[in-house]
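These are the structures, in structure tokens.
You will see chain A twice below: alongside chain B first, and alongside chain C after that.
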Partner chain A sequence: MSIQRADIEKLAELARIHVNEDTVTATTLGINRVLELIDQLRAADTTGIAPLANPLDATQRLREDLVSETVDRDALQAAAPAVEAGLYLVPKVVE
Partner chain B sequence: MSWETVIGLEVHLQLATRSKLFSGAATAFGAAPNTQACAIDLALPGTLPLLNKAAVEMAIRFGLAVDAEINPVSVFERKNYFYPDLPKGYQTTQLAHPIVGPGHLDIELADGREKRIRIHHAHLEEDAGKSLHEDFHGLSGIDLNRAGTPLIEIVTEPDLRNAEEAVAFAKKLHAIVTALGISDGDMSQGSMRFDVNVSVRRPGEPLGTRTETKNLNSFRFMERAIAKEVARQIGVLEDGGRVLQETRLYDGDTDSARAMRSKEEANDYRYFPCPDLLPVHVAPALIEQLRASQPELPDARRARFVAEHGLSDYDAGQLAADTPTAHYFEAAAKASGDPKLAANWLMGEIAARLNSTETAIAACPVSPAQLGGLLQRILDRTISNAIARQVFDALWNGASDADAVIEAKGLKQVSDSGAIAALVDQVLVANPKQVADYRAAPDDKKAKMFGFFVGQAMKASGGKVNPQQLNALLAARLNG
Partner chain C sequence: MHDLTLAQMCHGLARRDFSSTELTRHLLERIGAANPRYNAFITIASETALAQAAAADRRRAAGDAPALCGLPIAHKDIFCTRGLRTSCGSRMLDNFVPPYDATVVERCAAAGAVVLGKTNMDEFAMGSSNETSYYGPVKNPWATDCVPGGSSGGSAAALAARLVPGATASDTGGSIRQPAALCGVTGLKPTYGRVSRWGMIAFASSLDQAGPMARTAEDVALLLQVMAGFDARDSTCLDRPVPDYAATLEQPLAGLRIGVPEEYFGAGLHPGTERAVREALAEFERQGARLVAISLPHSGLAVPAYYVIAPAEASANLSRFDGVRYGHRCADPVDLRDLYMRSREEGFGDEVKRRILIGTYCLSAGYYDAYYNKAQQVRRLIRQDFLDAFANVDLILGPTCPNPAFAFGAKGGDPVAMYLEDIYTIAANLAGLPALSVPCGLVDAKPVGLQIIGNYFDEARMLNAAHRYQLATGWHQLAPPALTETAA
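Entry: the complex of A and B
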């Protein structure tokens, strides 16, 4: 399995990562090397083995439904570039 | 040649938990912006999710209510996309292994027939925040209070064939989830939101290209949006065009819709299992414990109202669908001792008042006990139905109980035959011409003319005369 330059460009756009003319070739090669490793893993015989969603042999712990967090909005918003009327401000997004 | 409409629904239901799906922040509606968005909801570095047990149990309750398989192991995945109201850059949701597997819901069609609608699956996921596009100096404002609120997304098979069926399904679903108590079902606050997948085809042909209209938050909007989209697609196809697979937005205020974005690009979410969450194991013992404690659902309640209270199937259906209404009915039926009369009042006078004043039954100013007290006075003939409406009026406006109102206003029904006879005489003497006309009229005309005298006597007594006695005495005098 290998991917092409066009795949990298599309993924980069979806992930909001900037790749330019200089880096796209190297990135394509690098990711293809990772995919070769994955191909080796896929070659292993997994007949009769249930797929694993997580390598830990453990079960998700559950939390009681209690309100345990107190929100210090001012402290949390101190890290934000722009706030107003309690809202985080971001570049305009209208679909 | 005719067209066949094919509809599938995706329903987002906010669960009635106190805290978020993965954090201990509160979920209460209407809090000041970002006062319920904690570090976990904001996806600050180093935070980890911890799954809410109540949300898992509510999802299982839903699954049991629609006869679905509950998957013993379910897995959370990351759905990756960028939008400012999604702080993590991905939504934690379920895809390949949802908690609730295939189930079904039977809806009642307009002609009374039942139709089974298959449910493909239902999964747990978190809600996103809200973007406010009012002008913040050319910026958007983000409120993340809703971010992380637990949802179940319920996905149907494309089994619905018109807007009416879709609405019937949506209403039934609403009745079930509110009866289960897993959601407040308040659509005006976004607790239940519908995405509608619509396509059209010639009968017998393969499925046509579908569009998805998102975030419909009322039954009426859903019905209109479907009708509009079906008409649009038929128009496109009959003009020789092609329906594009796209996401559409419907604006209920203007009854108009537009394409939102090309689905191909946006649809590439690169799902993968969330490394921060382990697979969720549901023990058979938990399923059995929840099954044993499921509340009564509307269909069962309807059957019980027929069997236990002697209501017609129609009335029982009306009262059983909405849980607060059903509870009110049962309390009033008990307090009055006459379920049928309580049902009539609830669906008549009370429903009309609640409607015209836009009041929820839970906030009805007349309690079931007060209504019961009023109905008892009708049943023991202390007051007539007409007077009862006056008493009801007083109760609605804050009077304490029916007996006090009847006493204070002197509304007790006159059932003393001497007094009624005197009243009848008074009416006959005052209307000699009508009496003569009545006596000269052919029998088939008399019934209608008789009503005039009843009306006059009622008017003269302020509506307080016992109607049966009045009718008997009037008939005796006029015909005798």
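Entry: the complex of A and C
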């Protein structure tokens, strides 16, 4: 299955990655090469085979709902591009 | 001093032949001189390393010398290090200084290790050549016009160039084993869940595993001993006892059953690599092991399944990089959508963007069953191949990679040509099995690796086999010719 330029624009929107005009052709070609590769999976007979999500068939471990660690907000926010009064700053969302 | 293995350095420190401060200073000087040539380090941590070395010397003088006391190592730049920049090879995290240490980093520090710096890598560990690093590619010390492999190319090249005796790394589809093979060092991807991934920047969470690299199996065992074990902070980390890996290293191999998969010796394998691997198999036979022909019939589907599963998981994991809480933010965003779209466009490189888009496609409505679900079914078939094989054999041996190191740019713009370099390593990640690579020869004057795949949690037996092989052969001791010429 191959994808077209319009599909790339839709994927870029879903993935929130701007794909600029200069690279859209190369991006489409590269992705189509990979789709050719993964299309080989179609030949495999997987009738009745359950999907394997965790290689050890392990499931998530649960723990007691207790406070285990406290967070130093200032230390965490030191890595943020823009903060003020302990809050992350983003462009205005609500008018 | 830089030619010594970790085990030899450990003896030297214990005998007071040299101090950790002397050792650390010597290696920092070498790194300072050689890094412009190899680009193996993104960050060199001279000041903190010397402080850690001084602390280790004091600790040893006080009679308290844990396993890695005063031993210099490097961390792949995928592991968060508190107060020390952690870039993951990406512009996205160019200025990221983590507020915490990864569990692996914490364990090494508790064992007394000295951290010389953070090693270069493919961006977000996505690559097999180090060419996707935002900081430029690492050069292979065996041939500087060739790639070191990837994604842990910086760790592998630093080891080969004798800049560091041990390093951490991570492996999602071969990122420890392939660079180890191409740089002539020893690297182990442990069983999925054996080593905590907490604080290791996530790529594909059902495949990622942290592991050690060094120049000998003995040193890999020493590092794994420190790295392995349960960690409640990683929900996929398994609570199983960690055996004493050093205790069984010397065991004779008589009676060992070695599976040799026919699919790993087919078309695409360089004849020189095949010769080297077959000679290695003969050495195991000489030591009393028995070779058993086996088949892993779904091997050919490993790369296609991987390139659905890994990008799918990556597209979810990398959604956290939004330009809000950490990482790159574009200039002057007009609204929140623009902030996301341009921060991610600018912060990620081409290969990372390609994989995020592919993953998004495979997970999108209407395609999930055809791609993601199908790949996870194939994954079970691949694992079953191994389970069937391990009913009759103890280890599976074959080549780590089809070819020795290739030239920069050799794979051109074709992502699939690059992906196929991982044809023998990816299946172990899909199945969650441990696998290691040891140097087993030179092809075109460049190293190639023997891959040893073990059953779940059978790292001790793999290290035993690798160590016995290294006692009988000298491939792991070879240094890149440029180093010996400089010394002479």
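Throughout what follows, the second predicted complex is superposed on the first by the 91 of 95 C-alpha atoms of A that agree within 3 Å, B and C clash if a C-alpha of one lies under 4 Å from a C-alpha of the other, contacts with A are read in each partner's own complex, and residues count from 1 in each chain.
One rule holds for everything that comes next: a contact is a pair of C-beta atoms (placed from the backbone, for glycine too) under 8 Å apart; a residue touches a chain by one contact, two chains touch by 3 or more.
Bear in mind that the values here come from a model prediction, so they are computed numbers and not experimental data.
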Between chain B and chain C, pick out the one touching the greater number of residues of chain A.
C
Would you check which partner chain A:66 touches, where first means chain B only, second means chain C only, and both and neither mean what they say?
first
Taking the superposition on A as described, I'd like to know which of chain B and chain C A:88 touches: first, second, both or neither.
both
Which partner does A:53 contact after superposing on A: first (chain B), second (chain C), both, neither?
both
For A:25, using the defined touch cut-off, is the partner it touches chain B, chain C, both, or neither? Pick first, second, both or neither.
neither
Given the touch rule stated above, what does A:4 touch, chain B (first), chain C (second), both, or neither?
neither
Take the contacts of chain A with chain B and those with chain C, and give the residues found in both.
11, 14-16, 53-54, 56, 58, 60-61, 63, 68, 76, 82, 88, 90-93
Chain C residues touching chain A - in the complex, by the definition given at the top:
96-99, 191-193, 206, 232, 235-236, 238, 298, 300-301, 303-305, 307-308, 315, 319, 322-329, 333-342, 344-345, 348, 350, 353-354, 356-358, 360-362, 364, 370-371, 373-381, 383, 413-416, 419, 429-433, 456
Would you mind writing out the residues of chain A in touch with chain B in their complex?
10-11, 14-16, 53-54, 56, 58-69, 71, 73, 76-77, 82, 84-95
Within their complex, chain A touches chain C through residues 1, 3, 7-8, 11-12, 14-20, 23, 26-27, 30-31, 33-42, 44, 46, 49-56, 58, 60-61, 63, 68, 72, 75-76, 78-82, 88, 90-93
Contact set on chain B toward chain A in their complex:
17-19, 23-26, 32-40, 42, 44, 50-56, 75, 80-84, 97, 131-133, 136, 138-144, 249, 260-261, 268, 270, 273, 275, 277-281
